[in-house]
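Beneath this line is the structure, given in structure tokens, with notes to follow.
For clarity, chains are labelled A, B, C and D in written order, and residue numbers in each chain start from 1.
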Amino acid sequence: MRQTHSDKDYQVLQVVAKLLVPYILLFALYVQFHGDFGPGGGFQAGVIFAAGVILYAMAFGLDKAMSLLSPQVLRPLAALGVLIYGGTGVAGMFLGGHFLDYYVLATPPTAGQHLGIFLVELGVGLTVTCVMLLIFFAFAQRAEQAP
Amino acid sequence: MNWVGLYNYWIVIFLMMTGFYIVVSQGNLVKKLVGLNLFQTSVFIQYISMGKMPGGTAPIESSAPAVYSNPLPHVLILTAIVVGVATTALGLALAVRIKQAYGTVEEDRIREEDRNV
Amino acid sequence: MIAANLPALQVVLPLLSAPLCVLLGRGRAAWLLATVVSWLALAIAAALLRQVLAQGAVHYAFGDWAAPWGIEYVVDGTAAFVLLIVAGIAATVFPYSLLSVEKEVDPERQALFYAAMLLCLAGLLGIVITGDAFNLFVLLEISALSTYTLVSLGQDRRALTAAYQYLILGTIGATFILIGVGLLYMLTGTLNMADLAERIEGLHQSRTLQTAFAFLVVGIGLKLALFPMHLWLPNAYTYAPSAVSALLSATATKVAVYVLLRFLFTIFGTWFSFSDMNVDWILIPLALVATFSMSLVAIFQNNVKRMLAYSSVAQVAYMTLGIGIVTVTGLTAALLHLFNHALIKGALFLALGAVFYRIGSVQLDRMQGIAREMPWTMAAFVLAALSLIGVPMTVGFVSKWYLILAALEKGWWLVVVLILITSLMAVVYLWRVIEAAYFRPRPADREAVSEAPWGLLLPTWVLALANLYLGIDTDLSVGVAGEAAQRLMGLGP
Amino acid sequence: MIDIVLLTFLAATAIAVVRHRNLFAVVMLAGIYSLLSAGLFVTLDAVDVAFTEAAVGAGISTVLFLATLALTGPREAVPVRKPYLPMVVVSITGAALIWGTLDMPRFADPQAPIHQHVAPRYIETSPTEIGIPNMVTSVLASYRGYDTFGEVTVIFTAGVGVLALLGIRRKRSSKDAAEKE
């Protein structure tokens, strides 16, 4: 990020990043949707996804990363994640259960649980990715202008 | 009395208190936050330690019969980790703004600045 | 469907409105949403109170998982009473904030400001209503993180250091609570409060339980600004935006007092807390020192917000004094003062916010002569000030009366004398404000201003008149508080 | 045995954090501390937690700390006062905790209350009741799903807070950037 780096440093980083970033993002998706069977879930996936983008930003510059995932898009998406989670809960309420009751979402009961968990993990993943990136952008933008 | 079973907890308490000490003794706002992180992480270790079963495995069901460690502390700590990073981010954002407003992140110098106004 | 889900809606409604505020993105729209939601929250709280008075405690299981496996909400008389005051204060502060915030917070941040206000409200309501010890920690952090944000949005740069200091001490408090809850879990295997209470019964001699108790009391003490752990409070209240000072001073510490009540009486039980651990031996001396010393410090403040902040520490000590007396009357006094002090400080801070709106300062020397220019604002201030002192016909009188009764029942004459002395000290510091506002000429370098707009006056007067009305018609507050106190002591029906 | 080794390393790292005055080193040590505790979590069967601690503590937190240090400077001032009061406070707190351990269930005691109450249901019936093998996910997203809702809200609150404090300016136009050079 700093001006003091020579171009060569950047090149190494860029090559490494180019190789790694797609796999990191793929791995994040795997973690997101595989949390039922192995370790993982929305939160870890969100953090890993964000880490992938952060690596990209370090290699190719903050501006490029921010034009790829613009804060103007991330901000509503972060809110949307919370709403997906809450909405799943409210849906349970509308279908005759209590808040966050997944059994009423589908039959058989375990299918309802699967659906509910899938949805809330999606909400978690979305909010965590977006908030982590927003926070990183906010800090990095300031740091870039440091004297 | 069987003291051996407590040895782990004592080290964890030492870790907690080291973090706590950094928070209350250091004057640098960023270092205080590092201390807060250490303090919280050590509390996490305490929680996870208590969920351990002898000869247990991770609480993910497998086909072979197994003894599982208690999943509840794991869940609580996952939440607590998130709370921790949220606090850290907010604290650092405050530190950045304080640096901008006061020109320093040392407690003593901030106090001096405020007294001079 | 709605009636059965009221306990969840109480918290989920403001909580889900926060992301909506961010989506709306514009100050006024976010304000409108927040205000409507705060009124709905008040309506829900009122409905819950009615439900509880009619049919006893209401239990609500999230996800339909029975406690202790799932998380449950429990609304009993005490909880409903505190919900009502928190939601009531929010319902007056939110409408007020439109003008106040437009003046004090820059436009880009207003939507985020209202989101944080809603999150803070949701957190506070959730803390009151939750029946799960770990869930309490999570909600505590929601309200705490949003509070740090709100405090930091004050105009003065000292708002930033105040927020930072609050963040550090608040997080230490929360971590202590986390340690305490962890130890309790270790001993009992459960996190549900009712289940905990049952399982703690047989463990009174356990040193681990005693340590858990100590950590929880210290952690909660930090949150409620229990003297001498109050250091974060004066700066936070002084430099926060006006609407935030009003909301926090009226609700945040009160909710912490409520949490202390819950742990001391419901979870650990009266016997363990007071006979085994003798926590009253700590609470009472600290309370007495706090009311006296903090009232004294308040007298020498020139920033009126800061003066009221120190006064808050002193007033919270009245509540812990009531708790420390451990009688039904003492607890009734504590609960009543919790309710009444919210009305008093809410009104005072709102009136100050109106002054700040006009002259941009709440320094005593800047406020000289202000009563001639803003007669209505200052009249509301005086009314609430009388209530803070404890003049008959105001709510402040009612709670002090019960506190004195409680001390008399114990035969503690010295405590009664001290309560009277500290009330006189309140007269002294409030008189300084009144004297400046009414009997001093306007400083030459201050422009003459006009009365505050009605958007600020109306909410201020609603709270000021509530001080008067509930001071005369005491059936609701005394009735509910008395019954709640009996139940906490384990004597109730 | 491996956990004792890890705990010892953790203690060494913590002491190093106290002593170092170069904040870059301190932040790096804190990252190492997180990694070591993640390792410890693995030995204690908490793979989900280990995963998260590594990603958050050693990853995101470290990046944020480094970005902050770029702004606030890497050197810490030498304190003028001796930290006697903090020492006393910390010693009392630590002593209280040690005293509290004396009646604790021993480490990895299968008879401890937390293995007898509440948790058994998660372990025994969640795979059939919820239908997924990872019990941590079951408890996190379903039994205690409301806590996790709170957790998402906490992270969202932090986002709101950081945006309110630091803000993100829209992309600088190339002209502004040129002027800065």
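Operating definition for what follows: a contact is a pair of C-beta atoms (placed from the backbone, for glycine too) under 8 Å apart; a residue touches a chain by one contact, two chains touch by 3 or more.
Nothing here was measured: the structure is a model prediction, and the numbers come from that model.
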item	value
Chain labels contacting chain B and also chain C	A, D
Chains partitioned by contact, chain D not counted	one piece
Chain pair with more C-beta contacts, A-B versus C-D	C-D
Chain C and chain D: spacing of chain centres that average the CA atoms, whole Å	30
Rounded Å distance, chain A centre to chain B centre (Cα mean)	23
CA centroid of chain A to CA centroid of chain D, Å	19
Rounded Å distance between chain A and chain C, as computed from the means of their C-alpha atoms	36
Where chain C touches two or more other chains, by residue	15, 18-19, 22, 62-63, 134, 138, 141, 145, 148-149, 152, 179, 185-186
Residues within chain B bordering two or more other chains	16, 20, 24, 29, 50, 58, 60, 72-73, 76, 78-79, 82-83, 86-87, 89-90, 92-97
Multi-partner residues of chain A (at least 2 other chains)	37-39, 43, 75, 78-79, 82, 86, 89, 99-100, 102, 135, 138-139, 142
Category of the chain touch graph - line, ring, star, complete, other	complete
List of chain A residues in touch with chain B within their complex	37-39, 43, 135, 138-139, 142
Footprint of chain C on chain D - complex, ascending	96-97, 99-105, 112-119, 121-122, 142-147, 150-151, 153-154, 156-158, 160-161, 163-165, 167
Of chain C, residues touching chain B in the complex	134, 137-138, 141, 145, 148-149, 152, 157-158, 160-161, 163-164, 167-168, 171-172, 174-175, 178-179, 182, 185-186
Complex interface listing, chain B residues touching chain C	16, 20, 23-24, 29, 32, 36, 39-40, 43, 46-47, 50, 72-73, 76, 79-80, 83, 86-87, 90-91, 94-95, 97-98, 101-102, 110, 114
In the complex with chain A, residue positions of chain B that touch it	58, 60, 78, 82, 89, 92-93, 96
